[in-house]
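The following pair of complexes shares a single chain, chain A, combined with chain B in the former and chain C in the latter.
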Partner chain A sequence: MTEWLNVILQGVLIGGLYAMFAAGLSLIFGVMRLVNIAHGDLIVLAAYVALMVTQTLGIDPLTSLLLVTPTMAIIGYALQRGLLNRTLGDDLLPPLLVTFGLSIIIQNGLLELFTADSRKLQAGAIEIQTFQVIEGVWVGLLPLIQFLVAVAVIAALQVLFYRTALGRAFRATSDDQPVAQLMGLDTRHVFGMAMALSLAIVAIAGVFLAVRANFDPAIGSARLIFGFEAVIIGGLGSMWGTLAGGVILGVSQAIGAQIDPGWQLLAGHLAFLVILAVRPQGLFPKVSG
Partner chain B sequence: MPEALLDVRAIDAYYGDFQALFGVSLRVNVGEVVAVIGANGAGKSTLLKTIVGLMSPRRGDILFDGAPVGAAPAFEVVGRGIALVPEGRRLFPSLTVEENLKIGGQSRRPGPWTLARVYDLFPVLAERRHLPSTSLSGGQQQMTAIGRALMSNPRLLLCDEISLGLAPIVVRDIYARLPAIVAEGLSLIIVEQDIAQALHASNQVYCLQEGRIALQGAARELTRERISAAYFGV
Partner chain C sequence: MSRIEHATRSSRIGVILIAVALVVLAFAPYWGDRQTLRLLAEVFTFVALASLWNLLAGYAGLVSVGQQAFVGLGGYLLFALAMLLDVHPIAAIFIAGPLGALVAIPVAALIFRLRGAYFAIGTWVVAEVFRLLASQISVLGGGSGISLPAAVVIAMAPSRQMREFEIYWLALALTVIVLAAIVALLRSRHGLALTALRDNEAAAQSCGIDVTRIKFLVYVLTAFGTAMIGALIFLQKLRISPDTAFSVNDWTAFVIFITVIGGIGRVEGPIIGTIIFFVMRQALADLGSMYLLIMGAVAIVVMLWAPKGLWGLIAERFGWQALPLQRRLVPATKLNETERKP
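The block that comes next holds the complex of A and B.
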C-alpha cells in the first residue's frame, strides 16, 4: 500500500515539471495561436545556458535561475520580434514550419557547441535530502521544491492574466487583434512579451529538468510531447487545468513504470489518448461566455 | 473658415485590386458632428478604417489637427486622439465590462474621461461592471463599446453603425447621450444607415455612393428628396 502511495506521490511531483513544460506552450498558443514546435528544444537550450552559468560563475543551479530566467526572456522577446512575428497571420502553417526549423537549428547548434555527451547540473546536498511524510512514504526535497515552484508559477500566471494590465492586453489581443490595436496596443510588442514570459517559464523548467536528470541536445522533442499532452489533458486556456494535466501525466507514467519499467512512457501516452478520446476538450477547458 | 480637426483629402482606398473609395474628401471641424450615410457597401466603414489606420489610402492625404496621419499604424493613431467604436461593437469577450473600459484607457491620454465619468454617462454599466461583456444586452454592449472608446480621451470619436441590430427605443436612448459627449469638446463622425437618426444628431452630412461622395451639406439644409436621390443613386 505505501509502495503505491510512494509511486503516486512521485508522479504528482514530476507532474509539476510537466505542467511547467506545458504552461509556456499553452500561453503562446492562447495569445497568438502559434504552435511552438521548438518549445522542447528551448527547454534544453535553457538547461545549457544554466550549465554555462553554473560552470562559469561557480554558483548552484537554483541561484543560476536569477540569470538564466531573464536571459531566456530576452531571447524570447528577440525571437518573437525578429522572427516569429513575421510568420503570424491567418495561416497556422508558416509558424509551424518556422518553429520546426528553429528546433532543428537549436538541436544542431547545441550539438556543435556541447557535443552529444550527457550533462547534468549538480545541485549538491538537496538532491539527496529526503524526509518521511507518513510511515513508509518518502519525499525528496528537490522534487518537492520543484513541485512547489510549479504551483507558484501557475498561480503567478493566473494572477498576471486576470489581475494585471499586461494580462488584460494578452487576453484582448487573443480575442481580437485589430480591435486591440485600436486600443493603442502594439500587438507585435504584446506577442514579444508573451514569448518572453513563455521562455522565462521555460528557463525554470529547463533548470529543474537538468538538475533532476541527464540531458543532451536531442531530448527536446520528448519534452515537447509531454508539454502538449499536459496541455490537452488539462484543457486549453486553463492554467490550473494545465497543472492537473501535468500531474495526471506524471502519475500515469509513475504507475506504468511501477508495473514494468518499460511501460513508463507508454502509460503516459495511453492516459493521454484515453482522455483525448473520451473528453477531447480536456478535463478543465476554459469556460466560454 | 473654422479650424479643421480632421481633413481627409481625396483619398483612394483598395481591398487588393478592388477600389472601395474614389477621391473621398471630408472635413470635421472642432466640436462638430458629421454624419456619413450610404447604402451597404458604399464605403462608409472603409472610410473609417482608413482614418484610424487599419487600412492605408493608396492616394490622398489625411490630416489630423494639421499633421498628416499618413500610414501610421492603428495603435499610434489612438494616441493622437482618434478612437473608433467598431461596427458590431467587437467587445473583448474574455474581458469583463470594466476590463473592456480599462483597456480603452490603455493609451493614457489625459482628459475628462475616466471610469467614473463613463459610469455617469451609462449608469447601467456600473451595475454590471464585473460581468463578462458577453452577458450584456446589445444596447449595453454598445454603451460599453462607446465607453471603451471614450476612455482613450479622444478628440475625434468615430461611431460605426451604432444603431445596427438594436431596438429603436435603445437607439434613441444611446443617441440621447451623444450631446453629453460633444459637450466635453469631442468631434464625432457617425456612420449610419438610419438616415433620420443621423440627420437629427449631426451638423454636417456626407452621403457616400459606391465609394464616391454623392452629396454633402449642412444637415438642416438637406431635404429628404435630395438625400434619397444620393443614397439610392436615382
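The block that comes next holds the complex of A and C.
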C-alpha cells in the first residue's frame, strides 16, 4: 500500500515539472495561437545555458536561475520580434514549419557545441535530502521544491493574466487581435512579451529538468510531447487545468513504470489518448482550439 | 459541348521529359554501378514519401509531423509478415499498404479531434506510441532491433546482384505508382475538391465540399502509400529497430524540408526538392550535424521569403506545369472550330 502511495506521490511531484513544460506552450498558444514545436528544444537550451552559467561562475543551479531566466526571456523576445512574428497569419503552415526548422537548428547546434554526452547539473546536498510524510511514505526535498515552484509559476501566471496591464493586453490580443490593435496595442510587442514570459518559464523548467536527471541535445522533443499532452489533458487555455494535466501525466507514467519499466512512457501516452477519446476538450477547457 | 483541358504546352513537354527520364532510369542497372543504384533507390523513396506528405499537408492541410508512424509500421509489417508468416518480401510490401490504411482509420478517428498545429503534435504522439509498442515486441528484436534472416533474403533472388536489381526496380515502380496515383487523384473530382481545399478551406466548405470526409480519405490513402514505402525502405536496409523505423529526423524532418524547399502544394515540388536535398547532402556530407542545421535554416528562409518553394517561383514566373493537372475550360465554339478544320 505505502509502496503505491510513494509511486503516486512521485508521479504528482514530477507532474509539476510537466506542468511547467506545458505552461509556456499554453501561454503562447492562448495569446497568439502559435504552437511552438521548438519548445522542448528551448527547454534543453535553457539547461545548457544553466550548465555554462554554473560552470563559469561556480554557483548553484537554483541561484543560476537569476541569470538564466532573464537570458531566456531576452532570447524569447528577440526570437518573436525577429522571426516568429513574420510567420503569424491565417496560414497554419509557416509558424509550424519555421518552429520545426528552429527545433532542428537548436538540437544540432547544441550537438555541435556540447557533443552528444549526457550532462547533469549538480545541486549538492539538497538533491538527496528526504523526509518522511507519514509512516513509510518519503518525499525528496528537491522534487517538493520543484512542485511548489510549479504551483507558484501557475499562480503567478494567473495573477499576471487577470490583475495586470500586461495580462489585459494578452487577453485582449487573444480575444480579438484587430480590435486590440485599434485600441492602441502594439501586438508585435505584446507577442514578444508573451514569448519572453514563455521562455522565462522554460528557463525554470530547464534548470529543474537538468538537476533532476541527465540531459543531452536529443531529449527536447520528448519534453515538447509531455508539455503538449499536459495541455490537452488539462484543457486548452486553463492554467490550473495545465497543472492537473501535468499531474495526471506524471502519475500515469509513475504507475506504468511501477508495473513494467518499459511501460513508463507508454502509460503516459495512453492516458493522453484515452482522454482525447472520451473528453477531447480536456478536463478543464476554457477556449476552443 | 465544352470540354475541360488539363494539358498545356509546358505539361506536354514535361510529360515527354518525364517519360524519357523514366526509360533512362529503368535501364539504370545496365549503366550504373552498385552505389549509383543504391543512391537512386533512396532518391525514389524520398520522392514518394515527400509526395505523399505533400498531398497530406500541401493539399488537405493536414500538417503531420508523425508520418514516421506509418514508415515504421510498414517496415515492421514487412519483417513480421516475412519472418513470422513466411510471406514473400515483395508480396509483404503490397500487403503492408492496406494494413497501414486499416491502422490509419482508428488513428484518424482519434487525432482528427485535434485542430491545426495540435493535430501535428498529436500525430507525433501516435508515432511515439508505435515506437514504444514496437520495442515491446520481443520476437521482432524488441528495443535493439533485428535483421532480416538470410533465408528470407535469399528467397527473393539467389544472387546478390539480381536482388539489388530487383529492389531497384521495385523502388522505381512503387514511386511511379505512388506519383501516378496522386496525379490521378488530383485530376479526379476529389482532386478538384482538394485543390479548392488547398486554396481556401472555408470557401471550399461553402461550395458544398465535405471537408472532413475528404481529409479523412487523404489521411488513410497517405497511410496506405507511406506504409508501402516504409516496407520497401526496410527491405533495402535489411535491418530494423524502433529508433530507425520511427525516426522523426529521417522520415519527417527531411521529408518536410524537401517539400518546403521544392514547393509545397504542387506535385512537382517534392521531386525538385528531393533532387536539391540529395545534391546538398552529397555536398555537405562532411559537415556532420552542421548539415542538418543548414537544412533547417534553408527551410526557414524558404518558408518566410518564398513560401511556395522553388517550383512555386518557377511556375508563377513562367506559368509552367510539368504534369497535366491544370483545369481550363475550352468553350464549345472554339472546340468546333478546331474540329471543323481537316
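Before moving on, here are some points about what is shown:
The rule is simple: the second predicted complex is superposed on the first by the 286 of 289 C-alpha atoms of A that agree within 3 Å, B and C clash if a C-alpha of one lies under 4 Å from a C-alpha of the other, contacts with A are read in each partner's own complex, and residues count from 1 in each chain.
As a convention for this text, a contact is a pair of C-beta atoms (placed from the backbone, for glycine too) under 8 Å apart; a residue touches a chain by one contact, two chains touch by 3 or more.
What you see is a predicted model, and the numbers here were worked out from it, not measured in a lab.
In the superposition on chain A, A:A244 makes contact with neither chain B nor chain C.
In the superposition on chain A, no contact is made by A:V53 with either chain B or chain C. By the touch criterion stated above, A:L79 is placed in contact with neither chain B nor chain C. By the touch criterion stated above, A:I255 is placed in contact with neither chain B nor chain C.
Of the two partner chains placed by superposition, only chain B is touched by A:M183; chain C is not. When the two structures are aligned on the shared chain, A:A150 is found in touch with neither chain B nor chain C. Legend: residue contacts after superposition of the two complexes on their common chain; A:A169 is shown touching chain B, with no touch to chain C. If you count the residues of chain A touched by chain B and by chain C, you find the higher number for C. Once the two complexes are laid over each other on the shared chain, residue contacts for A:L273 go to chain C alone; chain B is not touched.
Within chain A, the residues touched by chain B in the first complex and by chain C in the second are 289. Interface of chain A with chain B (complex): residues 165, 168-169, 171-172, 174-176, 178-187, 288-289.
Taken together, the chain A residues at the contact with chain C in this complex read 33-35, 37, 83, 86-87, 91-98, 100-105, 107-109, 111-112, 221-222, 224-225, 228-229, 232, 262, 265-266, 269-270, 272-273, 276-277, 280, 289.
Across the complex, chain A is touched by residues 52, 54, 73-75, 78-79, 83-84, 86, 90, 92-95, 99, 102-104, 106-107, 132, 134-135, 148, 152 of chain B. Residue ranges on chain C touching chain A, taken from their complex, read 57, 61, 63, 65, 110-111, 113-118, 120-122, 124-125, 128-129, 132-133, 135-136, 143, 248-249, 253, 256-257, 260, 264, 288-290, 292-293, 295-297, 299-300, 303-304, 307.
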